[in-house]
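What follows is chain A paired twice: with chain B in the first complex and chain C in the second.
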Partner chain A sequence: MARFVAIRLAQAIAIVFLVASLTFILIHIAPGDPTRSLTEAPSVPPDVRAQLRTNFGLDRPLLEQYARYIGNLATGDLGYSFAEHRGVGAAILERVPNTLLLTVAGVLIAFGLGVPIGALQGWRAGSKTDHTLTVTSLFFYSLPVFWLGIMLQLGLGLGIGILPVSGAIDPVTHDSLPWIGRVWDRLAHLLLPAITLGLVGAAAFARFQRSATLDAVLQDFVRTARGKGLAERVILFRHTLRAALLPTITLFGLTFPILLSGAVLVETVFSWPGMGRLIVDSIASRDYYVVIGTAIVSASMVVLGNLLADVLYWVADPRTRPSA
Partner chain B sequence: MTPLLDVRDLTVEFDTADGHALAVDRVSFHIAAGETLGIVGESGCGKTVTALSILRLLDDEAVTSPSSAIVFDGTDIRRLDGEALRAVRGAKIAMVFQEPGTSLNPVLTIGSQITEALHAHRTIDTGAARARAIALLDLVGIPDAASRFTAYPHQLSGGMQQRVMIAMALSCEPQLLIADEPTTALDVTIQAQILELLQALKGRLGMAMLLITHDLGVVAGSADRVAVMYGGQIVEQAATRELFRNPQHPYTRALLDAIPRLDVVTPRLPAIAGAVPPATAWPAGCRFHPRCSQVLDRCSTDVPPTFVLAPSHFSRCWLADTSPGSRDG
Partner chain C sequence: MRRIGAFVLAGVIATGCQSEGDCPTDWCGTIVVTSGAEGQTLFPPSIDDEIEISLNDLIFEKLAEVGPSMNTIGDDRFIPILAESWSYPDAQTIRFSLSDDARWHDGTSVTARDVAFTFDVYRDPVVASGAAARLQFVESVTAVDHRTVDVVFERPYPEMFFDAVFHVRIIPSHILGSVPRDQLVAHEFGRAPVGSGPFRFVRWNAAEFVELAGDESYHRGRPGVPRIVWRFAAGGQQALTQLLAGEADVLNPVVRAEDKNRVDDAPELRTIPYAVNVYAYVVFNLRDSDNRDAPHPLFADPRLRRAVAELVDVEAVVRGVFGEGALPAIGPLTPIFGELYESLTPTPTLTDDALRTLASLGWTDSDGNGVLDNDGQEMAFDLLVPSSSASRVRSAEILQEQLRAFEIQVNIVEMEFQASLDQVRSGRFDTFFGALQHDPSPSSVADAWTVDAFDGFNYGRYTSHTFDSLVAVGRTAADPAQSRAAWREALQTVIDDAPALWIYVPSVAVAVHTRLEDVTIRPDQWSATMWQWRVNPQNLLARDLIGSN
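Presenting the complex of A and B:
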């Protein structure tokens, strides 16, 4: 196990450097540079502009800039944000918890809703419940995430007016609330974006869990379990669902990047102060190192999500462990 | 004396994409307490469907004819509801399947798969269940049983897995053990060991056994009586000695010829020409007639009835018809 995790971590580091290099190349191929918005204003004299480029090291050969960046990266330094006038690490660190919160909440809703629904469908395949749920999950599955977000915003937020529709906290009252009030404030703000993200994921999980359960029901060992005279409840939970969860764990690793990119859209719709908006803004302003930094963090999250899925799989399926 | 298991007119049909499949057609047999009945036939003859019917383990799409009766120990299993059916499964009738590799749950330890059967039928605490499971593993010849308790199925060989299946089936001391091709998936040397084990355990525990196989050689040493199945029907039934000495149905004779023999050097096994047709397309008349070496004119049109040759020897073949003039047509 330890060896396995060590190998995966080494792979993760390699991936991070690959992503960093690739993003570095791509963002430098794109026209413009971080000083453009500043220096294109007619009032900025050319020598000021040149001075700025020198200060930021943007006048150095690209290869040298790259070498310096990678060198700094190896020491954990993510570079400087031209737009935020501070370290990229600090800028990202401020946003990452929000994105993580949203993504984890989305995953939990997707998993917690999708898996039981899909399992029920598979167990009662062909029933009326199954058909109704199939139509419902296909409906959510086919919705664009931002559209669903806007609809929920309009319906549940503005329409009924029970839930806030933007931001992560109430900027006016949050700090003056007692701790329980602050928790509720966060939760209320989280609810709509997390549901938006979770519903689409839940539909995908349900579709998948349904067919995994259908497969599991037909397994020989389920017949063995029934032949032993076990109760249907035991056959379902102990034998069928355990087997049916294995493929879903793999899916969990695979959907993590999809949910993460979904989070970027949801963050935009709900003005959620996460990494998503930082990504969008930094690309627009050619804030080179923020672009690369957010790419690195996203890649790390995806790698970690997959690692988590592998560990879960390892726990759930003894066949993947080295034999005793 | 009433038999332990009395199967009467068992008929099972499936609706498939290729049409209506008559997998089992009015099959009747009985097994006395402590007796072993062998069911022999090539693949696709309806043996597994027959076996699964007894414990009602067939999928929902299988339709069992309402006139079928499966009377076990005086009660018709077909009429049992959920709880009463569960009390029979595993406790009074237990089953061993063809593929031990897929019939054991890969994510549960073999120990827990044995103890869960015990817990399902008995009030027994965890420690006692564990002790009994280890004793059972020991009984079926698994070396170092106590340490194997926590092993997972994939850590065992096919033969050992089948021993675990047998231990599991025996856990509640059933009166009847159904073994559906228990050795087919195993190596030849292991096959003999498993058969010996079943035979020894049967004698020791006094249970009855339904031994299903496609190889007449397998039942030769184990079964008291043999039912030969072809095309979803029993085509010949007799005491084992009688069947081997005096086979009546050409299909039985063909199966006898196909037994691998050690005393005769044959370049290859004499397989029966042709193949079992799908259950959706049984031939008219006698179902075996297109492959039969002794086919008569009437075989392709007239369905042979079951002829009684001796009090317990039946054959479903026109050759057994001794009525006057029967050989003319």
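Presenting the complex of A and C:
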């Protein structure tokens, strides 16, 4: 198994390298460059722009820029942010924890809501509960994530006023709070964006889990369990659900990139200081190495998410382990 | 419902049962500003957007500042800041005497050496400061003694005082003097600066906020509040939501009429309208879009440009898009120029005259297809519009309709902002819907329309020797009255030549919490007086009682 994981990691590095190279090419052939002012103010004359291009090495041939970038990347140097005037690594590191927090919270909500709902639907297929939950989950599944975020923000934030509408903390009061207050402050700010992300993900999980549960309840071992006179609850939780979880675990890995891309929108709606906003801002300002750096981090997270899904799959079903 | 109640109660307990109350000292208040974007650096020579400038003005100091009159010629009505006085040892030298009490936030005195160092950094090509061009006539900057510094110009000119003070914020030589010049822009100082202004930098949480603490010992007097938190939302609407949710006290700009109404409907908020120093315009490309050496088949002719300008009902465009939320532009400048602006004559809407002019130039609909033509050339052109600007897109649509009525065909081409700028800078366009910002100096207006600006903001390659000569006189005339007259004539020339259709000047507003007092807005820099804003001690919120870090 260790050998298999090592092979997967090597593949992951190759994928990330390809993503970095492709992003490098795409962002460089896009119109504009990092020295272009977004404000249209005539405060940056052309000769200053030319000097900036020289300072940043943007006047060098593209191949030379690429070779230098890949060389630096091999040493762990993600390059320089033209917009933030600091290392890309520092800029990304500041944001990654917030994005991970949001995405993990979103996944937990999605998984925590979607799996039981889907299992219940599959278990009671054709019932009124199943129909109601199908309509509900389809409703959330069809909602654009940014729209749902805005609605929750307007309803629970601006309307009822019980939750903050933006940011990761209250910048004014946070540091003056006792530790429990700081935890609460973080939680309160996390709730709306995480629920937004989680609700849409939960709908997808529920649809998938329902179908997996439907397949599982028709299996021989379920009939056998019933024949043995086991309680319905035991049959569902101990036998059916465990078997039905396997495809959902695969989905777990595949959902990670979807939630990550959803996080870009949610971070924008809730002004969440994560990587999503960094991606959007860096593309708009043509901050080349930040765009590539965030692509590398996103690709790494996706690859690792898939690897994690495989490992979980092996844990849930030892027969699928590579050594077996 | 009971659960929600418990949830809220838990929050109140966790946050320390904060409530409104009285200020325990005579200096309380936190002003929370929100904006729909984030600054990138606070290193003064590198700043170029409005948020960076606002934060810089709170942390750093200029030698002097333009007054409310916005005069930039001579030194009349300038306000002393770091320099408590100035004199003229000769016609081309300004001698500044620095305030004895000025201190960097680390406690070190601000000296003449800092001023000389600052000018040297701004003018260093390696630093690539956007303000360097404004200092091109500075010959030398020399510390005469600890508190006195001479700024010597190559020759005297009307705006030399303005150039010496307006663009330059003094930076500390004892911190940055040893940093190699090619590393200054990337130095950590840009995200953790030490200034000498009314507010001390505390911290910058990326994509969240910058926190500033009032400097009680500031030499021009204690700031209005002990703390300012500047939040960075992910966009204008998100910033507005923060404001309406009570998470911020100040938002600039509020542009759309419906947003202004939402703010005005909130009892604890008010709006203060002001005209910004930005004008939107449709520039004609005077050169052929496929061959820049050849004249444009339509717009090289000033009579045709003028006729098209006279066909457009700018007032209708502006009202259709903004209602009362913008002014029709009269030329490449905004009302912050006061008397100069008032003295100019805009292009009138003269439909019959314009049609007669076009007919006299040979433009008729000879083939009956609904589009004017002349010798096989149709009066049809592309209008390139950045898709990110809804106001410009909407204005373009109205323009298109207006000109269609006169058998002129406008094809709107929406394009991503950066891509559209690339297209325009390479000359591959017929017309472009742009927007330009200027500072209080007429020179900054001229920068976009002279021949020297071909590689800059003179996208359409407007060429007028009359205009260029008048600009030269405006810049160099020793007599201020002669300078003002030359500027007026230059601007009227460019208006009459119609190298562009002047469309609108946005009238925006600052939204502020009603508990804030002494709020005044300077049109060229809305936050210029923010350091003096204060919180009404009778109307404090819980956050006003929390001290800074």
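Criterion: the second predicted complex is superposed on the first by the 311 of 324 C-alpha atoms of A that agree within 3 Å, B and C clash if a C-alpha of one lies under 4 Å from a C-alpha of the other, contacts with A are read in each partner's own complex, and residues count from 1 in each chain.
Note that a contact is a pair of C-beta atoms (placed from the backbone, for glycine too) under 8 Å apart; a residue touches a chain by one contact, two chains touch by 3 or more.
None of these values were measured; they are calculated from a predicted model.
Colleague: Overlaying on chain A: chain B and chain C, fit or clash?
Modeller: fit
Colleague: Looking at A:R242 after the superposition, I want to know if it touches chain B, chain C, both of them or none. Which is it: first, second, both, neither?
Modeller: So A:R242 only meets chain B here.
Colleague: Who does A:S166 touch here: chain B (first), chain C (second), both, or neither?
Modeller: Only chain C; A:S166 stays clear of chain B.
Colleague: May I ask you to decide whether A:V315 touches chain B, chain C, both, or neither, giving the answer as first, second, both or neither?
Modeller: Neither partner.
Colleague: Is A:G229 in contact with chain B, with chain C, with both, or with neither (first, second, both, neither)?
Modeller: A:G229 contacts chain B only, not chain C.
Colleague: Is A:L138 in contact with chain B, with chain C, with both, or with neither (first, second, both, neither)?
Modeller: It touches nothing on chain B or chain C.
Colleague: With both complexes superposed on chain A, which partner does A:L278 reach: first (chain B), second (chain C), both or neither?
Modeller: Only chain C is touched by A:L278; chain B is not.
Colleague: When the two structures are overlaid on chain A, which partner does A:D220 contact: first (chain B), second (chain C), both, or neither?
Modeller: first
Colleague: Considering only the touch criterion stated at the top, classify A:G32 as touching first (chain B), second (chain C), both, or neither.
Modeller: So A:G32 only meets chain C here.
Colleague: Vertex at chain A, arms to chain B and chain C: angle between C-alpha centres to the nearest 10°?
Modeller: Angle at the centre of chain A: 160 degrees.
Colleague: In the superposed model, does chain B or chain C contact more residues of chain A?
Modeller: Counting residues of chain A touched by each partner, the higher count goes to C.
Colleague: In the superposed arrangement, which partner chain does A:L62 touch: chain B (first), chain C (second), both, or neither?
Modeller: After superposition on chain A, A:L62 lies in contact with neither partner.
Colleague: Using only CA atoms and the superposition described at the top, report the least gap between chain B and chain C in Å.
Modeller: When the complexes share the chain A frame, the smallest chain B-chain C C-alpha distance is 38 Å.
Colleague: Pick out the shared contact residues on chain A: the ones touching chain B in one complex and chain C in the other.
Modeller: No residue sits in both footprints.
Colleague: So in the complex, the part of chain C that touches chain A is made up of which residues?
Modeller: Within the complex, chain C contacts chain A at residues 4, 7-8, 10-11, 14-16, 18, 30, 32, 38, 40-41, 43, 46, 48-50, 125-126, 128-133, 182, 185-186, 188, 190-191, 205-209, 211, 227, 229, 231-235, 238, 241-242, 244-245, 247, 416-419, 421-423, 434-438, 444, 447-448, 453, 455-457, 542-543, 546-547, 549.
Colleague: Would you tell me which residues of chain A are touching chain C in their complex?
Modeller: 30-32, 36-48, 51-52, 55, 80, 83-86, 91, 94-95, 153, 157-158, 161-162, 164-173, 175-178, 180-181, 183-185, 188, 267-274, 277-278, 280-281, 284, 286
Colleague: Chain B touches which residues of chain A in the complex?
Modeller: 219-221, 223-232, 234, 238-239, 242-243, 246, 316-319, 323-324
Colleague: Taking the touch rule as given, give the residues of chain B at its contact with chain A in the complex, in rising order.
Modeller: 52, 55, 57, 82, 86-91, 94-95, 97, 99, 102-108, 116-117, 120-121, 151-152, 154-155, 165, 168
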